[in-house]
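Input: structures, listed below.
Heads up, the next two complexes both have chain A, just with different partners, chain B and then chain C.
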Partner chain A sequence: MSFANNAVSELAPLAPEACVAVGICAVLCADLVPALRTRTAGLWLGVLACAIAAVLALSPARAIVAQMLVIDGVAGLVRPVIALVTAFVLIAGAGERRSANDHGAWATCVLGIGLGAMLVAAAANLIVLWLGLELISLASYALASWRARDRRAAEAGMKFVLFGGAASGVMLFGISHVFGLTGHLDFTGIGAAFAQQMPIAVLASLLMAFVGVAYKLTIVPFHFYAPDVYQGAPALSVAAVGAVPKLAAGAVLLRGLATMLPPSLVPPASVGAVLAVAAMVSLGVASLTALAQRDAKRIVAFSGIGHGGTVLLAAASGGGTAAAASAIFYLLAYAAANVGALLCLSVLERDLGSCELAKLAGAIRRRPWVTVLLCLFLFSLAGVPPLAGFTAKWAVLQQALGGGPMLVAAAFALLASTAIFAWSYLLIIRAAVLAPAPLLPRASGVRMPLPTAFVLLCCAAGTIGLGLWLDALPAIAQVFS
Partner chain B sequence: MIGSLSLTILGPLALALLCVLQPKPLAARFFALLGSAITLFVGAGALIDFAQHPGSDFRLVESHVWSTFFGAHFALGVDGISAAMLALSGLVTLIATIAAWDEQRSPRAYHALVLFLLAAMNGVFGTLDFLVFYVSWEVLLVPMLALIGVWGGEQRRYAALKFFVYTLAGSVLMLALLLALYNATPKGTDHTFDLRTLAQMWPVWRDSTLFGWPLARFGFFAVLIACLVKVPAVPVHTWLPHAHVQAPTAVSVLLAGVLLKLGVYGLYRIAWPLFPGEAIAFGPMIGVIGVIGILWGAWVALGQRDLKRLVAYSSVSHMGFCLLGLASLTVAGVTAGMVQAVTHGLSSSLLFLLVGVIYDRAHHRDVQGFGGLAKPMPRFTWILLLGALAGAGLPGLAGFIGEFLAFCGGFTAAAPFPLLTLFAVLSVVLSAAYMLWLLKRVSYGPLRHEEHANFPDCTPRELASLLPLCALLVMVGIWPGPLVDALRSSCEALLQHVQGARP
Partner chain C sequence: MADFGPSSIASYLAVALVLFAAGVLAIGTRRNAIGVLIGIELMLNAAALQFAAYGRFRAEANDVQGQTAAVFVVVAAAAEAAVALALLFAVYRTSRDIDLEQTRELRS
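Moving on, here comes the complex of A and B:
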């Protein structure tokens, strides 16, 4: 009995993950009932599971589960957010995919991403990290190539699988080296072993082991799949494929840096400088390439690459709680604006047939409110105050400007890329709001589905609220310490 | 508690929301009137208070904690300078609303955006907190982008994007400055964005460095660039003619009447108080930029055929006086900069409204395509005469006061300002030339086009927007005392603060 009791008490911190897993089973079972299959019941079951998981994950208890998973401050904060965002995507799915008849399968994939992301966010072991990332990847592959007959979707899916498979292979290769060199797979063990032997070899293999994380954060040069996937997949699925894994990847990156490279052994300035250079490359490549895009979703994809670089910059700014708080806050702001923007694009995509800039003309007449909200989210991504994107950028810049010369250089690169990115977002706004409209009738007959409207309003509230609530940063830092 | 200054920000914001949430265009128009009337009421009230009881203190002060961690406050308060600007923004928005009363393209959205713009402008003019200043400064780009880009002319999209990117690039540096000031705050001192405290801390900025550069120098140039783009000073003025030509009349009025003043105001409120040492060191340089703007704007205005471009370039010329006056660091000059900002707001608004009046009738703005309008449109011609003469700086009209004070300040200042002022005086000839030439080609001479004979004279609604400006131009011209009194104490205090930084 005591064994069972121990097992229960040890696994109790994983209740949110268990809840989502049960949710997946429930969705699959519901899909077997013919009467439920064509209804959105499966989606709402998923929403319920995610909501319960979010509430459970809010528990302030901190725990280490068998050296595999750690519920520390970062995980404690990010896991409920992941559950919440997953729930929002599912709710939006109930509005946007009403006419579909594959709700169960779609919900399963989205929930799979959510579950994988929650595991990754709490991972304290390279194997768990790899498993979590694979879970995210498998579900994402399916979502990306959902429209199997669409050539773009097929291309996106193929690219995604090939790049993802390669990243996963490199990662495993790195993990095996780390294990061979240190005899450990858990982060703290690696950190302890790091002191004694072959730092360069371990560092190199660790770098390989984190390729999978960089892939999910869409850091250059692991970003090539993102624009095609964003363009090929339905906008709503992109919200799940793009934003949710980024939250998890950011969280595990912060934990990995803090535990595996203890500042006493590796000078944080050198790590910071390397990461800052990587961030600069991402920001530069993404902001300049985005200028040449002719599809709104591709622009959002490149913006995601830039934002991944910014998170890297935040993580590079020393291991302190303030830097970690700025990274997490940045991810929260990004998630709110990104999900909102993609949902708006999803509505427009359904109405106008495509998110190509040329096709977006007249969106403001046809869907005035959705287009205005799209502008709001894009302005937040661009960092216009007082929206969340601005406050988040402010926090990251403040951390970086207090660091070494390379970090300061990266901070200025961030400022420059902000101005360049603004132009790309303006291209979308120009296409949707300013372009001469081919007198589309206002979509008065097609009412906005209630679930979609609800999620849009929540994202807008988050975007404005996080922007005005400057004291969120110290509040987050307090959770971490 | 919500004070009257909060009301000028939150009121228009709430009304903007109401505009789009209710279905009636007429109600939206009245909301816009109400929002600008509130601002005018508060601003003019404060200005009259400063005229009656001159002082350099901040009045109507209120402060609400925004972030204890960053030390940011929603702190509001006005001195003479900001009271004048607030009154101007209320007045010009009120008049622009009357001018756009018949706007047919999505009137609810239009008036909501104007109210949104008004709230942002009031946020810039009314705040005592650098962070709130910056946020408002950035936010007002958004409604301007939409107002020019959606309601503008042929090439509106290009003009709107150019406007947005120019000013955004200018303000990115200001963001870097905000962060640098925050990080340079000495340990043990509470972080703050309060402009009064930041101004008192100027020796700290002078002594700290940012990559080997004195922080004060970086900061001065960051604010300078952000502000000079808005003023606009030569050579970063090229967005202005585009924006003006493409913007609808009422938006041109807002742009010339209020938005150009933001740049000058930023120099008065941020650059000079926070970095007085740099203001002294680089004063002559700013003076030169001002004089180049004065002469270049006037010279280019002479060659314009498009009426709006002509008035836009005359704005470049007139705003140069603000820079010259401020840089001269004399009481007369510094006061002149602000007086000129107010009077230019009145006269350029009037001229843009008049251009709008004939554009509505002739549907073109080519100065060659008019002539002899005095016969069919006598009232219009009288008002145009007044506006042109005010723009040319005729004594007895408002335009004269600012230029005259700026000359006084320039000639009494240290070298090289007397020489610079000598050049600036040339512009009196140039501005008289282009303004009178404009008048001649539009209104006098034989009637060039038969169909112009049927042009109706100004309608009552047009007169309602034109006459208040005329009255104010005459009033300030013959009785400038109250305006100058209200501004002078604050300008003197600023000057004293800057002179305190002399080694």
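Moving on, here comes the complex of A and C:
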């Protein structure tokens, strides 16, 4: 009995994850009842599970669960956000009109991403990290190719699964070497083994293990799948596939850097320099390639690659709580604006048939409010004050400018790429607002579904609110310390 | 020169390395999506073999982390193969082909 009691008390910090897992089972069971299957009942069950999980995850208790998962400050902040974003994506899904009655199956996949992301955000063990990333991946592959008999969605899914499988294989091979050379899979054990000696072979294996996280953060050169997946997959699926895993990957990146590489042996400046170069490459490649795109969703994909690079830059600026706070704040701002922008694009995609820039013409007349909100989210992604994106970029810049020469160079690269990205966003806005269009009737007959409107307004409130909340960074840093 | 044989870890690592290299080669050169998928499976199984070998030859005898990890990898690889095959089937249904050079509708 005491064993059972111990197990329960030790697993208690994982109540949010358990809640989402129960939610997945409940959705699957609801799908078996014919009366519930044709409605969105399963979807709302998932929303309920995520909402409860978000509330449970708000608990300030800190814990270490069997050297596998750590609920530290970063996880304590990111887990409720992941649950919340998952819930919002599910609510938006209720506004989709589906012919196939597959709400339940769709909700299962979105919940799978949420559960995997929460586990990754708290992971303190390489195998748990890999399994969490696999859980995210398997659900993402299915979501990316959701539209049946759509050639582009199927192709997006195929590219996603082949690139993702290769990244996961490389990561696992690296993990197995780290295990063989250090004898540990948990972050602290690896850090302790490093503190005694640091053979170059272990560092190389750790770099291979990093590939899986880089894939989820879409850092160059592991970004090849992103534009194709964003373009081919339904926009709402992309909101789940794009933003939620980035939150988790950013959190685990911060924890891994802080615990696995002890500052005594690896000077933070050298790690920072290497990461800053990777960030610069991501920013440069993404911002320049985005200029050549002719599809709004592809531009958003390249913007995601650039934002992944920016998060890497924030993580590179030393292991302090201020740098971690800027990285997490950046991810929060990105999640709000990215989910909102993709939701707008999903509404426009349904109305106009495609997100190609040429087809977006006349969007402002057909869906005035959605187009205005799309502009708001794009301004935030571009970093226009007073929106969240500006505050977040400012925080990351401040951190990077206080670092070594490589970090300062990367900060200037961030500034330059911001300007180039702004041009690409303006291309979308020009296509949707200014381009001359055939006289499309205003979509007054097809009303905007209430759940979609609700989520759009929440994302807008988050984007504006995070930007106006001037004490956000000190508050987050206080949670971390 | 490491001695090879059933009681030496070097032989297991060598086999794992060959498997991994074969997987990378398959991913890099195959034009058929199934071939790439087989390459991914080879990579994952190379890692599983390495986990088991490292676990078996480590000093702390009653620690089974490596073997446990290998079992997890086998299960996850099976799940991944199932999803990947379903997706490849979806591609085949829409375009009657799973040649990676032919399925190129998504581009800038």
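Keep in mind that, in the parts below, the second predicted complex is superposed on the first by the 474 of 481 C-alpha atoms of A that agree within 3 Å, B and C clash if a C-alpha of one lies under 4 Å from a C-alpha of the other, contacts with A are read in each partner's own complex, and residues count from 1 in each chain.
As a convention for this text, contacts are C-beta pairs under 8 Å (C-beta built on N, C-alpha and C of every residue); 3 or more make two chains touch, one makes a residue touch a chain.
Quick caveat, the model's predicted, so the values are computed rather than measured.
Student: Which partner does A:175 contact after superposing on A: first (chain B), second (chain C), both, neither?
Tutor: Only chain C; A:175 stays clear of chain B.
Student: Looking at A:155, would you say it contacts chain B, chain C, both, or neither? Reply first, second, both or neither.
Tutor: second
Student: Under the stated touch criterion, name the partner, chain B or chain C, that contacts more residues in chain A.
Tutor: C
Student: Based on the superposed arrangement, let me know which partner A:354 touches: chain B (first), chain C (second), both, or neither?
Tutor: neither
Student: Between chain B and chain C, whom does A:67 touch in the aligned arrangement: first, second, both, or neither?
Tutor: In the superposed model, A:67 contacts neither chain B nor chain C.
Student: Which partner does A:59 reach: the first (chain B), the second (chain C), both, or neither?
Tutor: A:59 sits against neither chain B nor chain C.
Student: Is A:188 in contact with chain B, with chain C, with both, or with neither (first, second, both, neither)?
Tutor: Touch status of A:188: no partner.
Student: Just chain B (first), just chain C (second), both, or neither: which does A:294 touch?
Tutor: In the superposition, A:294 touches chain C alone.
Student: Once the shared chain is lined up, is A:227 touching chain B (first), chain C (second), both, or neither of them?
Tutor: second
Student: Of all the chain A residues, which ones make contact with chain B and with chain C?
Tutor: none
Student: Going by the contact rule at the top, pick out the chain A residues touching chain C in the complex.
Tutor: Listed in rising order, the residues are 127, 130-131, 134, 137-138, 141-142, 145, 148-152, 154-159, 161-162, 165-166, 168-170, 172-173, 175-177, 179-180, 183, 185, 227-228, 231-232, 289, 292-295, 298.
Student: Spell out the residues on chain B that touch chain A in their complex, using ranges where they run on.
Tutor: 66-70, 72, 109, 134-135, 138-139, 141-142, 145-146, 149-150, 156-157, 160-161, 164-165, 168-169, 172-173, 175-176, 179-180, 182-183, 211
Student: Which part of chain C faces chain A closely enough to touch in the complex?
Tutor: For this pair, the touching residues of chain C are 16, 20, 23, 27, 33, 36-37, 39-40, 43-44, 46-48, 50-51, 53-54, 58-60, 65-66, 69, 72-73, 76, 79-80, 83-84, 86-88, 90-91, 93-95, 98, 100, 103-106, 108.
Student: In the complex, go through chain A and note every residue touching chain B.
Tutor: That would be residues 364, 368, 375, 379, 384-386, 390, 394, 397-398, 401-402, 405, 408, 411-412, 415-416, 418-419, 422-423, 426, 429-430, 433-435, 468, 470-471, 473-474 of chain A.
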